[in-house]
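A, B, C and D label the chains in the order they appear, each numbered from 1.
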Amino acid sequence: MHDMRFNIPGKDLNLEPFALKIPDFQKKCEVMITDKGYKSRITNIVPLSDHERLFLLRIVDPHERELFNFRPGQFLMLEVPGYGEAPISISSSTSNHEFIEVCIRKAGHVTSALFEAKQGAMVSIRGPFGTSFPMEEMQGHSVLMVVGGLGIAPMRAPLFWIGNHRDRYKDVRLLYGAKEPSQLLFDYQFEEWQKVSNVDLLTIVEKPDDSWKGNVGLITALFDEFTLEPEDTYAIVCGPPIMFKFVCNHLDKRGIPMNRMFVSLERRMHCGMGKCCRCMVGSTFTCLDGPVFDYWSVMNLKEAI
Amino acid sequence: MKVDFDIDLHHLTRVEGHGNIHISVRDGRLAEAAWAVVETPRFFEAIVKGMSAERTPFLTSRICGICSISHTLASIRALERAMEIEAPESAILIRQLAMYGEHLQSHPLHLFFLAAPDFLGTPSALPLLHTHPEIVQAGLQLKGLGNEISSVTSGRCTHPVSLVLGGISKAPSKEQLADLRTKIADSQAALDRTTDFFRTLTIPDFVRETEFISLRPAEGYPSIGGDLVSTDGVVHDENDYLLMTNEYLTDSSTSKFTKVSRESSAAGALARFNNNADRLHSRAREVAASFGLEPVCHNPFMNNVAQLVECHQLMEDATLLIDRLLDMDLRDTRATWKPRAGKATGAVEAPRGILYHCMETDDDGKVVKADCIIPTTQNNANIHFDLHALAEQALREGRTEAETEKLCVTLVRSYDPCISCSVH
Amino acid sequence: MNHLGFKLDKVKVGSFDFTCCEGCQLQLANKESTLPEFLGLIDIRNFREISSERHDDYDIALVEGSITRSDEIERLKAIRAQAKVLVAFGTCACFGGVNSLKNRIPQEEAIREVYDGKKIETMPSMKISDIVEVDLSIPGCPVSKDEVERIMVGIVTRSAVSLPKYPVCVECKQKLNTCLFDLGEICLGPITRAGCDAVCPTGKTACLGCRGPAEDINFPSFEELVLDRKLSISDMKEKLGFYNGFGDYLDHES
Amino acid sequence: MIYKVISKPEFKAFIDAIVRVNNAYGPCQVEIDAKGKPIYQFKPVKSADEISFDYTVTHSSAKHFFLPFRDELSSFTFTDGNWEQEVRYDAPPTILIGLRPCDINAINILDDVMLHGPYPSPYYLARRKNTFIIGMDHLPLPDCFCKSMNRHTVNHGFNLFCSDIGDRYYLSINSANAFSFLKEFKIEEPSYEDNCNLIERRKSIKNSFETNVEVTGLPVFLDIEFDSPIWQKWGDKCLSCGSCAMVCPTCYCYSVEEKFDIDLKGSSRQNHLYSCNLVDFAQVAGGHNFRPRNGDRLKYRYYHHYRGFAANDNQQICVGCNRCGRACLANINPKDVINDLRLERESCTTCVSTSPEKT
């Protein structure tokens, strides 16, 4: 810190500098406040499809690793030094303190650099940021999860959570749609979800290939496959904006109250801390007030969909 | 020994623009030696017609990327004289400083990047980064200094932004000027190191008597304006530039040729030195003497040395100028003016020699006629005849084709030709 | 840089000039403070202005200047055939530059004016993209070395290479300049692509639009502004026409 | 707060003494515009003579002393197979002289945004803590509307505030440091007359406002008018040049860029001030732009300023200095836009009120 001295010529003054010490933030707030991230190693890279990969990140410092706690639905800012940051949903179980999983689609510069990175590469993460799915509030009720494409990334955390506390929820149903069968990610986990977590999984694709035996069409077609008790059901919807518009509309008609439907929004983000204003929707920030919003708020947010 | 060979160099490298050398030797005798400029013409004199006087210097600046300040100031000088605009003294001094900046950028660029590899036998200056790091460093420091002077005085080092009709649109701050002064002082060591280094190089022995033309102002070393003089005793007023150029077209070049009293004449650092050695500061004089350079020197290879001598001169001049500027009020550096009809010439000493812009305006201040004569144009004929003489000398001395070729390209580069500029 | 587990190679660069002042190429040798590092990024394979060594195995071609003679078309096509990335380097290459002013007058007249009617081959000036496909444009008269450095680093590291989409005013305001419109002058800053750090308005001269139009500009509003302030339309046109970057807007008049 | 009075020459001596040895900025005349009016900016000063104490308003706000147009957030140094990150947020002590009440209020608003909430910004805090602010009141210009925004007076956020009461300044001293420096000069207890003069001065300032913008109920009103055609009407004028946001004392939206060092041995993450009016503000990977039209973007700036964002308690962040209106080349200013919106609603005609006179 620089010192500031006020020297008044002709007068012999020795005043204390007014520059104050910067208070220790780390003590005041539990969350990280500076630009400094947790250094993490990419310990494993799992190819999921041509454009999507799962990265396993391990925070290098054991203490920091312990400190990193998040809730399902939250995201982090993933920094690839030299290339920049991108907001990425955390795709692993909240109880997994060893690794953080992120599922990434190659979209631009940061994500492309990540795709070139090798196992062992060092990246940095800031976070967790944002709101989460109300896992406690949903207890004692049925949960309907509707996922389109890469929307599965933020959905894995709640899935893991439910798997760990399966007895607290009634019926749990996952509707999962994609363009092509190859874009249904994590198919290796389908069995686990169905058998171990007792999740009723329904999949559908728009463009089937020869080996596809399942449902064909848009995800809304799956709604005829089951009955639902609107008063007793919570819905979580993740996917492209156009999808959740249709889905939520449909669920609204089926009688699920708007404040029991949750969606995860995506916007351009630069800081993750509600400062840069890049992610504002209406008068809220996707990073602070979101990314998880209930549908009532989304309806009331200007330009949300 | 009867030899036959042809040297055909298309698009000579390490010069600005496109020029070709053609030498043909038959039966051990020189059959032909020619210098041809094949640059694509840009027709500046035609496109400037109808342009507002205010904008014209910005356009003519684009004649050359290396000496854009000279072009800008030549146009400004011509137009100010034509329209009787009087720029404030502070502005005139800042322009002068800008000129020094340009020379101090252009000379090191030529000496280190374009010429030095010839003397050291490398294809470019890039290997010197490893073999002569301290010299490259000195070169970069000097060139950087030149660029910085240009940026501070004119807003940017290439294509100046604040040199305008009537003065300077934004004067540098005193802090910037004081900072420049320190930087100049700090660069003296680099220049001395460079000078010592150049003393170790062998300058080819070649002499062809010619007429050297340059400006000669009322006082000081030539830069902006003055009488047009030659080593053959010619003296003309600035406006009579045509008598000093006598442009003519040749078949082989898109650039014109010029002459004064003889078949060719030369402009540039050596010409300025030959005509104005008496105006040099003692330090520059000593440096010249240490290279055995004295007026009138007829060895074109010595142009490199003359550039070095000028660097010494300009660093000193720049410091003196900054001292004057620091004592002046720099708030009002731009005079208001009204358009009017007129015609005048603006002559400046660009790094490569005298540059003329002649401008005629109408009542609305639009340019109706323009003529620009570029230093390299004034050197074309001299290069051409020098090549001839040099090739003959080389044959006499029994040099090989490769040696001859090397001498010829080194000769052309010694002129530091600015070819795209000569075809404007 | 191997914290990500991969190495970056130097890129092989060729620099070529056509009809122009060579000021943009010269910028490659400017900014002396970082020149050694800059040269560390690239492997110069072909650059007549500074090196006698010429190889034709470059990947990136920096092409400076506009096209005004038929032999230049062939040379340019050959460069395109070799280069993986062809960069239009500077305003002349991107838009035609000041050379395009000649297109307003009949070619014979221009030749008569300058060469007394001697036979000289020339044709209306064209920008590079009129002839070959351009992968990347770096506008500027001259180009800004900072931007060139940034883009070269971007190419070498395969990270972001893009130009600002917003206009010069943003940078100008950040320099705390007085707006030239307030001083009674027309400035093309509001419609010209930023990236030059507003050098011209900072030197208190109008932006002449050397970097061409910014993304999605509001030209009608700009014209309105000039009319509103009772500034000269002919002055506006002279400025818009200076570098040929605004040809599309000059043509359909309001 | 301690109140004192000081004679103008003595005040000048005080200012002179502190600016001589410190990194100080004050209003300076930088230009005379085409209409013959002076233009002021906050510039570095080394003596009191350089400061225009009687200035009207600076063209740009003092925001960039706290939120620089470009700022390094952190830097990385690459090592073999690894990297180190360094975050620095130290700020040199700085003195700002002559800030108007609205300018200080704007900084107080930035304090709310940057220092409250879950993620206080250390970069901002460092600068804020190390800046010594000397405020000065002034008579409003014809187009000032800070009174409408209730930002024409200020009672915190400065170290020292001076009210002009004729031949002396009435000082509100708000920091121990300010007080100890002032003690070395001739300051006096305010007399009864001084107090009266201060009240008179405040009254005269309050009564001098010529421009009024009706902002009561505006937040709700803006929500209702979200789809109003008025936005595109003004958007059609907007040049999307960002000038408004650059000069505004409270526009703080930014962009983050990361770039490699030229030797590729490190990189640096920087933020730079952006504007929601710039064309790619809401553009995401793949090219989709959430706000493709000028009108959508312009609307967002007004939303941020007059409706407020949840993140800062939905408070209106405009302080009514009209810098944006003055800087706008397309003649867009808050008063006209808001009145237009209200008129559209209240009379259902699209007539535009006359613009306030620019200064």
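We adopt the following convention: a contact is a pair of C-beta atoms (placed from the backbone, for glycine too) under 8 Å apart; a residue touches a chain by one contact, two chains touch by 3 or more.
If you're wondering where the values come from, they're calculated on a predicted model, not measured in any experiment.
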item: Innermost chain, taking as reference the mean of every protein Cα atom displayed; value: C
item: Winner on C-beta contact pairs when B-C is weighed against C-D; value: B-C
item: Separation of mean Cα positions, subunit C and subunit B [Å, integer]; value: 25
item: For subunit C paired with subunit D, centre-to-centre distance based on mean C-alpha positions, whole Å; value: 36
item: Mean-CA-position distance for subunit D and subunit B (Å); value: 50
item: Centroid spacing, where centroids are CA-atom means, of subunit A and subunit B in whole angstrom; value: 64
item: Sites on subunit B at which at least two other chains make contact; value: none
item: Of all residues in subunit A, the ones touching two or more other chains; value: 81-84, 120, 122
item: Numbers and ranges of subunit D residues touching at least 2 other chains; value: 78, 81-83, 257, 260
item: Touching pairs - complete list by chain label; value: A-C, A-D, B-C, C-D
item: Residue ranges of subunit C in contact with subunit A within the complex; value: 1, 3-6, 157-160
item: Residue numbers on subunit C that touch subunit D, as the complex places them; value: 1-3, 5, 8, 34, 37-38, 40-41, 149-150, 153, 156-157, 159-160, 165-167, 169-170, 173-174, 176, 178-179, 181-184, 189-191, 214-218, 220-222, 224-225, 228
item: Complex contacts: residues of subunit D adjacent to subunit C; value: 30-31, 33-34, 39, 41, 59-60, 64, 69-70, 78-83, 236-243, 246-247, 257, 259-260, 262-265, 273, 275, 278-280, 294, 327, 329-331
item: Contacting residues of subunit C [partner subunit B, same complex]; value: 17-27, 29-30, 32-33, 35-36, 39, 44, 47-54, 68-69, 72, 97-99, 101-102, 104-105, 109-111, 113-116, 118, 120, 122, 141-142, 199-200, 202-205, 208, 235, 238-239, 242
item: Contact set on subunit A toward subunit C in their complex; value: 80-84, 109, 112-113, 116-123
